[in-house]
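Pasting a structure here, questions to come.
Read from first to last, the chains carry the letters A, B, C, D, E and F; within each, the first residue is number 1.
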Amino acid sequence: MFLHVQRLLNEIVPDEPDPAAANALQEGLGGQFGEMRTMMQYLFQSFNFRGPDGKPFRDLLYGVGTEEIGHVELIATTIARLTDGSPRYQGSATDDMDTPGAGGATPLSAALTEGNIHHYLVGAQGALPVDAQGDPWTGKYVYDSGNLPLNLLYNLMLESTGRLQKCRLYEMTANKTARSTIAYLIVRDQAHENAYAKALEALGVNWNTLLPIPKTNAEKFPEVATLLEQGLQSKQYTFSLDQLSEAGKLYRGPSPSNDGTTLSTAQAPDGVPMDIAVERPEEFGPGLDPELLAMVQAVAEMEADEPAGQWGRVG
Amino acid sequence: MFLHVQRLLNEIVPDEPDPAAANALQEGLGGQFGEMRTMMQYLFQSFNFRGPDGKPFRDLLYGVGTEEIGHVELIATTIARLTDGSPRYQGSATDDMDTPGAGGATPLSAALTEGNIHHYLVGAQGALPVDAQGDPWTGKYVYDSGNLPLNLLYNLMLESTGRLQKCRLYEMTANKTARSTIAYLIVRDQAHENAYAKALEALGVNWNTLLPIPKTNAEKFPEVATLLEQGLQSKQYTFSLDQLSEAGKLYRGPSPSNDGTTLSTAQAPDGVPMDIAVERPEEFGPGLDPELLAMVQAVAEMEADEPAGQWGRVG
Amino acid sequence: MFLHVQRLLNEIVPDEPDPAAANALQEGLGGQFGEMRTMMQYLFQSFNFRGPDGKPFRDLLYGVGTEEIGHVELIATTIARLTDGSPRYQGSATDDMDTPGAGGATPLSAALTEGNIHHYLVGAQGALPVDAQGDPWTGKYVYDSGNLPLNLLYNLMLESTGRLQKCRLYEMTANKTARSTIAYLIVRDQAHENAYAKALEALGVNWNTLLPIPKTNAEKFPEVATLLEQGLQSKQYTFSLDQLSEAGKLYRGPSPSNDGTTLSTAQAPDGVPMDIAVERPEEFGPGLDPELLAMVQAVAEMEADEPAGQWGRVG
Amino acid sequence: MFLHVQRLLNEIVPDEPDPAAANALQEGLGGQFGEMRTMMQYLFQSFNFRGPDGKPFRDLLYGVGTEEIGHVELIATTIARLTDGSPRYQGSATDDMDTPGAGGATPLSAALTEGNIHHYLVGAQGALPVDAQGDPWTGKYVYDSGNLPLNLLYNLMLESTGRLQKCRLYEMTANKTARSTIAYLIVRDQAHENAYAKALEALGVNWNTLLPIPKTNAEKFPEVATLLEQGLQSKQYTFSLDQLSEAGKLYRGPSPSNDGTTLSTAQAPDGVPMDIAVERPEEFGPGLDPELLAMVQAVAEMEADEPAGQWGRVG
Amino acid sequence: MFLHVQRLLNEIVPDEPDPAAANALQEGLGGQFGEMRTMMQYLFQSFNFRGPDGKPFRDLLYGVGTEEIGHVELIATTIARLTDGSPRYQGSATDDMDTPGAGGATPLSAALTEGNIHHYLVGAQGALPVDAQGDPWTGKYVYDSGNLPLNLLYNLMLESTGRLQKCRLYEMTANKTARSTIAYLIVRDQAHENAYAKALEALGVNWNTLLPIPKTNAEKFPEVATLLEQGLQSKQYTFSLDQLSEAGKLYRGPSPSNDGTTLSTAQAPDGVPMDIAVERPEEFGPGLDPELLAMVQAVAEMEADEPAGQWGRVG
Amino acid sequence: MFLHVQRLLNEIVPDEPDPAAANALQEGLGGQFGEMRTMMQYLFQSFNFRGPDGKPFRDLLYGVGTEEIGHVELIATTIARLTDGSPRYQGSATDDMDTPGAGGATPLSAALTEGNIHHYLVGAQGALPVDAQGDPWTGKYVYDSGNLPLNLLYNLMLESTGRLQKCRLYEMTANKTARSTIAYLIVRDQAHENAYAKALEALGVNWNTLLPIPKTNAEKFPEVATLLEQGLQSKQYTFSLDQLSEAGKLYRGPSPSNDGTTLSTAQAPDGVPMDIAVERPEEFGPGLDPELLAMVQAVAEMEADEPAGQWGRVG
């Protein structure tokens, strides 16, 4: 069972909307090596795990898998921010609900030439479960052979490929909204590389100088360097609410990345508050006329019953 | 951000392995109207939500979406139980790691004729992200138009179709492992039908006698009837760890299902403990020889550092 | 623009339900060389046709394409008849709406082992737009190069492959319901082979003894032989309501199949009346409780206004 | 059985070719909520319909489904007009058959950067069965649960989503060719929304102020406003040649869209004449050299036999 | 450039036809971890290879990739042997061309219940480019990140997964035709595991006791044990006709599988002669009537000109 | 079994990088009518061939299929050349390994707007197994009906369609790298058209003036005209290393293209030498830091053992 906290794992820095960058980031969300895939792969490997002796391995998978749900939330929200109002940015905004305004304006004309037209036509300037080519995510991506060494080897390759693609994404755009999330994920992918490399070390492998993959000089990616200085690449969260996770038995000791750090675990990061996107009348999103809006506001102003929570109330 | 608790939402009743029932249940996991789809659809609708006035609607989506991750966990585990050891059940078990035993036995021969061969060939008797035809889950299933009335209408239809398919699944197998999860999901789908129907009532619709869909007499599905008597179809969990959810402003008052009950919310159910599946040497799962197994056991016997948790430690 | 007549192109002979035969026939409906594909291919070739000089060629395409919509109707209805009541046939029928009846019966258990489980789980014992492997029909099948000789060559190959597959289907089942439609389509596919072969003859090709493909001795397929005796393989319908079709300029003269017949055209066949399938309560199809059923019956008993029709009223 | 008339449902207004608009319109043809989908969904629901009491409901489905075939014809032709000659529009036309003309010209260079390259490379400047991302239409889109209330609910959502997307398309382009068809389909989608909403009213639902979805002010879409003034959103055609359709028992009375109109049925609209597209030698479409062209012309000049038609000759 | 030799890489042992085993073997041909995938992946990695210093690595990829084309040939032929005549095996054979014989026999009825119906309906009892679920092979399987360490890691995982699946296939069937090819591929997959593991050793990794994956006791798979005794798991062919391959610089020294053998290379194995399958009249394969057959035989009896070959003539 | 020679079938002329042309050429590699498809289709038809009398037909298929593997190699290499360094071409190159250089440069920004983003994000400026829309190649493309006349008819259509698309590609770009390969494939496709047309002539068909398809005036495609003058459209290679091929019994006599040439066969063309692409540090391809590079160079400098080859050593 899973619970939700209304906080994002990392802050999304504001910048101009940028449909092309949004489209590129879709690879990190719905691509073959994106966050939806890591999430599903680790969760299926957790659900199907065999061998009670291996509980620390399973709990490591559960922890990374649960973190990835939060990554999906983070990168989806980033994409939504990058598409939000992008036609306005293109100079064709309209101000009232019934676009196309008086006499047939074209507030969404930018959708024909920028990024993924589905961001404007199928969704209302939000994220989609597709990659940077517009191809939908598929369950065929999920790998779970049931063989522990093979799964670990695959997961190490998967995190390294994800990190490789995010390094390439960083080189494609200087948009700060995009880069704040890209840089964060580059570092977290390295933390996960470390996790699976360490688990394979527990089975005897010596990586020598092969890791991390890809090889990079952090000082050349400024936003990444800042996070590395905080040691974020060497810390793993368990996201284990009842703290029954034994992932800490694996994720400790010197980093396989040969950067001189020591691995350690924690329950969860603090995160940052979430907000709700504004209306986009040209998209009919949420598409309420004054009458329906009044009904929605009436609900929002109601007094909610405070349910008693077994996990306590925080924040 | 999401957290995990090592408990399942509902108990899985033990029974004989049954590959054909396992295959049928895949529709409820990875099918067009299964739990992976509801999970992803509600989460994307939450991430992309527009209109701060609509927070109770968004929080309702977040709550149901978070519950669905737990449904994915529950039904995947159920499928894994139904496939686990099924060749053994067919009378062709082997006892040691190096199957096919002495001289070329065929412990997995049942895979050629029962259920989905990939359960035995691609995975190691575990769940797959596919439907009952073996087709992989696809991001094309996810619907998020950005228009609130349309999304609610779609979600009502989606939950009703999910419930319809689970009623049909119930009629396909009497296996108790399968039915314990099917019956639970029939009732939870109705709870979610109520959620979206109620949200549309808040926008003015009067359903009269149309709901629930499909129409059923509960007393003819004994396992379902038991859960209905507990009122599980009229209770919605927020799964909101910081209890900021405002879903309770919508999910209250008389049930749209016309069964005389009153809707109410709670943070989370108690759930039941999880365990880890046994080894299946004929599948090379987890596939450790004595040397590697010793290394795994050494990890398991380590003393874990107890990380301090901001959400407290429970259980 | 298209109009509909409530008549089927050929009679469907009654026989026992047969889920396996129904599944095989799906290839003829939603397969790569099935009726949905021929329908869509010829219609797209008609819509995109280039060259006003070629109107007889375009009209030939429109006529065959319109016939194929009726073939889709015919084979879909045949599949629905083959699946209808098949669980009953398996000896597990129930009689009232709220299956699984008293205490958890399994009226749909046959779905786990016979044919395509989606016939019972996703649909309510009806046809699906998929092939005999359960793969959905895809727009990738449609071929329209815009080059007339290539399109004709492809269409000749397509009809021949369709006819080949239907000959193989005939050899797979002796069910009379299935065979009545298979035999009819074998003969109509030959009529369409003749159409495209003749159009290529108009461009100079001499087929000599190559056609028809595949080579068969009609007397060994009794149901086919009966239709051949009626000359149905050498007649083409224009399905042209305003009779502006010029297909008859091409479809005439000696048959390219070398069977001694002469090709000719007509507007449309007589067809046979259609009926509406009975209810299947175990499928919740149509899923009306007494209260909803009463409302439906009230509609059915209304007096309809008789709309004036520009095409006249027939039948 | 179906028949064809050589007339389009609505006039396509001439304007400049526009490959980007053509690509966008593909969503309305081959997209998840486009005309191929509505056509196939309603036809399958008609073929598989259960319950003789529900004939008016089935006939409503048949009528809308038959209209959708004509919509496919209309939007495909519109796309073909928008791509036709578009390279010429880009200033790189050639005049004779054997492009690339003398010495290696590039008359199709615009295809590398505008719209969907397959419009020029796979087809010869014609419509394709794909969406605005180039993804092929798939049978997975078709929904037929066999449950009448669910099917109606889905269809209402489907038409509303189709209309939402067409409103967004309207805002993306001011090309008159594109808009003439977009505006027509916006209005017809509303007519179909009314059809399914009315059918659900017959089952007891009261929509209050929820419809139409999306909410729009017609006066801001000039081409739409013109059609609404004609009442086209409140009229439904049966397209029933033998006039056995009982759809008129449902489609009558006050409109569920709350626009003060009254619903009514008719057999079919008048439509407008069709023509055949010119040759495009740079595409090798139809690709005839003088010798082959002479053969084609010889066929066109033949005297056709006039087949006797059972449905009479009109137009 | 590639050349072909009319010899198979390994002998296919005759046994009874077995459609279910044939279907299972499709996973090894067209599955996500089958021979079509390894072939394409290594060839694309060869074509796109970067870094002239890495020629031995590229040549290793070219050599294994070229071997995989021969594996595709071997396993496709094996599947064709397993399906060939299987209806006959089921007791429903017919003897002359015009099946279904006199009066409507069903020689292909077994296709409805055994293996993949497409083996009999789409093909003529031959191999298909699909997996054991009937899903077509897709280019999405091919992995080429352009990063050498990542590609090697992936390839090691890929070969190990292929070998894991073939071990499971071995446990599913005792058919000798199937097992002769399965056993051969188990051993060759290990040779390829060794290749990629060795290449990673050249980059510093120490595998210790992790390999091979999966861990097996050869003596329990008799057919495999025979091949291991010949050292076939430690020999790699370059398939380099001009012998410019430098793969031998990598593939040498002690085996990473820790079995005490030493790796070595050779140009190509001897192979065994190929033959041509017999006709299947019930499949219309090749579907020649006496007249067409006479024309084919006339060609076969012609005297061929002997082309001069630059690579010499052998065999 | 297959062998490889380190030579390309035709020379690739150097020119500027051009991502848009690279993307267009993907249709010729991984498209529905591209080289991967012809390769796989002819190889499967060879593996599954029925009828020992038809050996010349099978050998023709084997020869063309083997040539197509070399076409895949040629066009993939061409695409890699067209993408290689294209960001540099855009003026944003960086010189050392750790891009994005000092302080966050964007050397890959062109990937957001030019061609297929996956060329830069998923691969490292290399070819992909996809078409010009980015859709992956699929096994569904492969046609093998098992019926010889049908297979030949399909293959003739396939080669003609491939040639049609390449003629259109020629008209889309004047890049010399692209055109050198396009022109070569136009001519080879005609050679293969001749092969299948000739095989159908052996079965009695008289093509009269229909071929070649499409009709073109060679003098207007200068690069094509040069190759036609060499007679390359009328020569077929057997690629048969042991020279057991009997394809020459079919491929001889006057050309069905009516160009006055006579068909003839040879073993293999000379080809041209291959090289290895340079490193692209901004892509982390091959991604070696100095330490790893030193290890790779150490391997390259080793003395290789010279394996004795049964096919002799050439070149």
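Following the convention adopted for this analysis, contacts are C-beta pairs under 8 Å (C-beta built on N, C-alpha and C of every residue); 3 or more make two chains touch, one makes a residue touch a chain.
According to UniProt, the chain labels map to these proteins: A, B, C, D, E, F = Mn-containing catalase.
Because the structure is a prediction, the values reported are computed rather than measured.
Shared contacts of chain B (Mn-containing catalase) and chain F (Mn-containing catalase), meaning chains that touch the two of them, come down to A, C, D, E. The geometric centre of chain A (Mn-containing catalase) is 39 Å away from that of chain D (Mn-containing catalase), both derived from CA atoms.
For chain F (Mn-containing catalase), the set of residues touching two or more other chains reads 32, 122, 134-135, 138, 140, 145, 147, 149-150, 164, 203-204, 209-210, 213-214, 283-284, 287-288, 292.
Listed by chain label, the pairs that touch are A-B, A-D, A-E, A-F, B-C, B-D, B-E, C-D, C-E, C-F, D-F, E-F. Within the complex formed with chain F (Mn-containing catalase), the residues of chain D (Mn-containing catalase) that make contact are 97-109, 111-113, 116-118, 120-122, 134-135, 282-284, 287-289, 291-292. Note for the complex: chain A (Mn-containing catalase) touches chain B (Mn-containing catalase) at residues 1-9, 30, 36, 40, 43-44, 47-58, 62-63, 66, 69-70, 72-73, 76-77, 80, 122-130, 136-140, 142, 144-150, 202-204, 238-246, 248-250, 252, 264-271, 275-280, 283-288, 292-293, 295-297, 299-300, 302, 304-315. In the complex of the two chains, the chain F (Mn-containing catalase) residues touching chain D (Mn-containing catalase) come out as 20-21, 23-24, 27, 31-32, 132-135, 164-165, 167-174, 179, 209-210, 213-217, 220-223. The part of chain C (Mn-containing catalase) that touches chain F (Mn-containing catalase) in the complex is made up of residues 32, 138, 140, 145, 147, 149-150, 153-154, 156-157, 160-161, 164, 200, 203-210, 213-214.
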